[in-house]
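Look for chain A in each of the two complexes below; its partner is chain B in the first and chain C in the second.
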Partner chain A sequence: MKAILGSPLGAGAVLALAWLVLVPLLHVPPLILPSLPAIIRDALSVWPALAAGFLRTLLETVLGFVLGAALGVGCGVAFAYARWLERAILPLFVASQTVPVIAFGAIVVIWFGNTLLEKVMIAFYLTFFPVTVNTIRGLRSSDPERLALLRSFGASGWQRFVKLALPSAAPVIIIGLKLGISLSLAGAIVGEWFGATVGLGVMLLQSLYDEQTARVWVLIIACGLLGALLNGAISLAERRFVWWRPA
Partner chain B sequence: MIAGSSVTGSAKPALLELVGVSKRFGRAPQETLAVRDLDIAIQPGEFVTLIGPSGCGKSTLFNMIAGLLPPDAQGTILFGGEPQGDGKLLGKVSFMPQKDLLFPWRTVLDNATLALEIEGLPRRAARQRAEALFPEFGLQGFERHYPHQLSGGMRQRVALMRTFLFERDLILLDEPFGALDALTRAIMQRWLLDIWARHRRTVLFITHDIDEAIFLGDRVLVMTARPGTITLDERIDLPRPRDPAVITSEPFMGIKRRLLAILEQESLKSFAVARP
Partner chain C sequence: MRLWATVLPPCAAILVLLAVWQAATTGFRVPDYILPDPLAIIGTIGSSAGSLGSALGVTVEEAMLGFAIGAGIAILLAILMVLVPPVETALVPVVVALNAVPAVAFVPLALIWFGLGIWSKVGIAALSVNLVVLLNALGGLKAPDAAAIDLLRSYGARPLGVLWRLRLPAAMPAIVTGLRIGLSRSTIAVIVAEMLGAYTGIGQIIYQSTAQVDYLTVWAAVLVAVIASLLLYAVLVVIDRKLVWWS
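After this line comes the complex of A and B, so read on.
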C-alpha cells in the first residue's frame, strides 16, 4: 500500500478508483461531482479542441515563464551587487505586485489586444517577481569563508561570481523558478479570460457560462496535468544541475 | 619579547616579515585590540608553527598575512623585502583556512584545480597538473568523487592539495588537522612533513596542539592571550626526518615542559582578565 501511494501515479490511480466507486455509491449529484466515466466521455467528445487548448496554454505559459525567469535572474543579479539599484527599483517591483492581476490585465489588453503576446505578458508579470527575490536571496547567501578563500587566490569579482556565488545561489533560484512556473500558468489562464479563441482558460470560461460541470472538471484535470508537467520539468532540471548537498 | 629577526643568523632576507603589526577592531570606546606589536620574520624554506591560547588573534594574524585584512597603519608587512599595501598580498600567499571549504558541486579533481583555474590556467592543463599529485596525496581513484563522499581526513587532503597546487613561496595553514581524530592527525602530520621535505616551501602553521607544534616546526612561536603578541620564539633542533617516536624522547619532553609552562601562564592571564 505504501509503495503504491508512494509514487504520484499510484496515488492518482487510487484517487481515480475512489472517485469511480464512491460517486455512484453515495449518489453524489452530477452538479457537485460528475462520475469519472461521464468526465472521460466529455473529454473525448471535445478531444481536438482540448488538445489544441492544452498546447496553446502550454506555449503561453512557457514563453511568459522564460521571459520572466530571464528578467528575474537578471534583476536579481543587478540588485544583489548594486544596493542603490535595489533601493531604487525593488520597491517599484513590490508595488507592481500589489496591483491585482485583473487590473494589470486590462491595460495589457489595451496595449497588445487579444494576441498571444497579451497572455505571455500577464504570465511574465506574475513570474519575474518571485524569481527576482529568490535570486537576490541566493546570491547574498554565499559563504563568506569560501569568498575569502577565492580572494586569497586572487580571484576577480567576475570569477567569484561564476565560481562561487552563482552555484551557491542555484538551489534558492530554483525555488523561485518553481513558484514562477505555477504563477505563470495561472497568468496564462487569466490572460485567456480577457479574450481568446484557443486555450484551456477560454474553454474553462465557456463551460462556466454553459454550466457544463463535467467540462469544468475536464479542464481542472487538464490544467492540473499541465501544471504537474511543468513542475516536473523544473524538478528534472533541478536534479540534473542542482543535485549537490550543502557541505 | 624576542624579535623574530634575532634568530635569523644568515644574511638571506626574510621571506615574510611583520614589523610592529597591530590590529584593532571597532571604534573607541568599544574598540578591541586583537593583536599587538607583532614582530615575526620567516626565512625561505622554514617550517614555523604558531601556538597560543584560543582567542589570541591567530586567525586575525593569518587573515592579515593572506591579504584579507589590512593591518593598522603603524605596522608593516614585508613580503620578499617589499612592503605590502592594502590587498597587495592577495594572490601571493597560499592560504588554507581551518575548514576544508571544498565546493560541494565540484569533483575532487575540480576542487583541487580551483586556484589554478583562478590563475587562468586552461582546465586541461590544470587537471593534468593535479592528477600527477593524486598518488602522493593518497587520493588516487577518487578524482571523480564529490566531497560529501569522502572522509574528513580525505577532504582535508583535497584542501591541502588545492593549497599546494597554488604554488606560492609561502603556505599558511590554519589548524588544518584540528577537526581530525588523534590517529588520523598523527598520520597526516608525518605525511605533511614528507611532502614538505620534497617540495621545500615555506610554511606557517597555526595549531593549539603543543605536540603538533613541536613535532612539525623548525621554530615554535608562542602567542599570548588577547591582545596577541609573540612571547617566545623557540628553535626546535630535533633532527629531521623526524620519527614519530621523537614525541616521547627526552629532548622533546624538555621543550614541551618549557612551552607548557609559558602557555599555562598565558591561559591563566586570560582567565584573570575575564574576572571582574
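After this line comes the complex of A and C, so read on.
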C-alpha cells in the first residue's frame, strides 16, 4: 500500500482523486484552487504551446545537467586523488554556491545572449556542485581493507579505481545526481524568466501576469511531471548501474 | 585553532579570487555591464547602504520567518507521522508530489494567494524549507533499530518516552543537515519570489536595477545577499555544534 502511495504515479492518482472529490464538495473558490476538470480544459486549450514549452525546458535541463554532472564527476575524481587540488579549488566552489545565480539571470543573459545557452549555463552552474561533493565523498568511502587486498594482488591504480573505488562511490554519486537534476530543472525554469519566449518558465510568468489561476496549476503540474520524469530516469540508471543495492 | 584551520584557506581563496577579478577587470578594461570590478561594487554598497540595508532587513526577515515556520511544521509533522502511522500513509502522496515540483514553480501561486507583501515570500520560503527538513527528520526518526526501541520498551518506556530519549537524539544530525540545506534554499526562494513581485527586498532591488540597466547595483545587491547568507550559514554551523555536540 505504502509502496504504491510512495511511487510518483500512485501519488499522482490518489491526489487527483482527492482533488476531484474535495474541491466541489467543499466549494473551494477557483481563485484558491480551481477544480481538476477546469485545469484539464485549460491545459487542452493551450496544448501545442504547453508541449513545446515542456520539450524546451526538458532540453535546457538535460543539457545543463549533463554538462554539470560531467564537470562534477571529473572534478570530484581529481579532488579525491589530489588533496592539494581540493584545498585550492574546492573553497572557490563552495563560495560560488552562495551566489544566488538565479537572482542575476539578467547578467547571465548579457554574457551568453538570450539563447538556449543562457538557461543551460544556469542549470549547469546549479548542478556541478552537489555532484562534485558527492563524488569526493563516495570515492573516499571505499573500504581500506578491500583496497589493501586488491593492492596485495597487484592491482594497478586504474584497476583499483575501476573495480573498487568507482562502484563503491556510485550510490553516493547517484544521490548527488538526483539533487543536481532537481536544481537543474529549477535553474532552467527561472532562467526562462529573463526574456525567453518558449518554455514552462515563460508560461508560468505569463500566467502570473494574467492572474490565471487555472493556468498556474497547469504549469505547476507540468513542472511536477517533468521533475518526476527526470528523477525517474536517474532512478532507472541507478537500478542499472548500482544493481547490487536493493532500491 | 582548528577553527582557524578550516576558516583560513577558504578566506585566502576568496581574497585571491577578488584580487584576480580586480586585476583582470581593470587590466582588460572590462565594461561595467559585463563585469564590474570588486572595488566599484563595494563602493556602490557603501553609497547605497541605506536602501540596500533596509531591503536586506526585509529579505532576511521573510527568509527567517519562512524558515522557522517551515522547519517547525516539518519537525512536528515528522513526529506525528512516526507516532501515528496512518497520518504518514495519508501524507506520503502529498509529499511525493510536492517534492517533484521545483519550489520556484509555486511562486506565482504564492503571489496570487498571499499578495505582494511579505507573506507570499514567507510562504515560499516555508514550502522550500519544509520538504527538505521533513524528509530528513523522518529518515532520522526512523533510524534507531528495533532492538534499541524494544530495550527501552521493555523498561516500560511509552511511545513519547522512546521519542524523547531515543528517536529525537538519533534524528538530530539528519534534522540539522535538513535545516542547513533548508536555510540556503529559503534565502534563494525569497529572493526569487521578490523578483517576480514585491514592494521591497533584495530581489526587488535586483529586478528594478536590471530594468534600469544599473548593473553595479545588481552586483552590489547580489554581493550583499551572498554575505548575508554566509553569515546565516555560520550561525547555523554554531547551532549544529551545540545540538550535535557528540559527533
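Heads up, the rule we're going with is that the second predicted complex is superposed on the first by the 232 of 247 C-alpha atoms of A that agree within 3 Å, B and C clash if a C-alpha of one lies under 4 Å from a C-alpha of the other, contacts with A are read in each partner's own complex, and residues count from 1 in each chain.
Everything that follows uses one rule, which is that a contact is a pair of C-beta atoms (placed from the backbone, for glycine too) under 8 Å apart; a residue touches a chain by one contact, two chains touch by 3 or more.
Because the structure is a prediction, the values reported are computed rather than measured.
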item	value
Superposed partners chain B and chain C on chain A - clash or fit	fit
Comparing the two partners chain B and chain C, which touches a greater set of residues in chain A	C
Contacts of A:100 with chain B and chain C, given as first, second, both or neither	second
Which superposed partner A:52 touches (first chain B, second chain C, both, neither)	neither
Partner chain(s) touched by A:43 [first = chain B, second = chain C, both, neither]	neither
Touched partner set for A:116, first chain B, second chain C, both or neither	neither
Partner chain(s) touched by A:152 [first = chain B, second = chain C, both, neither]	first
After superposition on chain A, the shortest CA separation from chain B to chain C (Å)	22
Footprint overlap on chain A, comparing chain B with chain C	none
Touching residues on chain A, where the partner in the complex is chain B	143, 145-146, 148-155, 159, 163-164, 167, 244-247
Residue ranges of chain C in contact with chain A within the complex	9-10, 13-14, 17, 33-34, 88-89, 92-94, 96-97, 100-109, 111-113, 184, 187-188, 191-192, 195-197, 202-203, 206, 210, 215, 218-219, 221-222, 225-226, 229-230, 233
Touching residues (chain side chain B, partner chain A) in the complex	63, 66-68, 90-93, 95, 97, 99, 101-105, 114-115, 117-119, 146-148, 166
Residue ranges of chain A touching chain C (in the complex, touch as defined)	1-2, 5-8, 10-12, 14-15, 31-32, 87-89, 91-92, 94-95, 98-100, 102-104, 106-107, 110-111, 182, 185-186, 189-190, 193, 200, 204-205, 207-208, 211, 213, 216-217, 219-220, 223-225, 227-228, 231
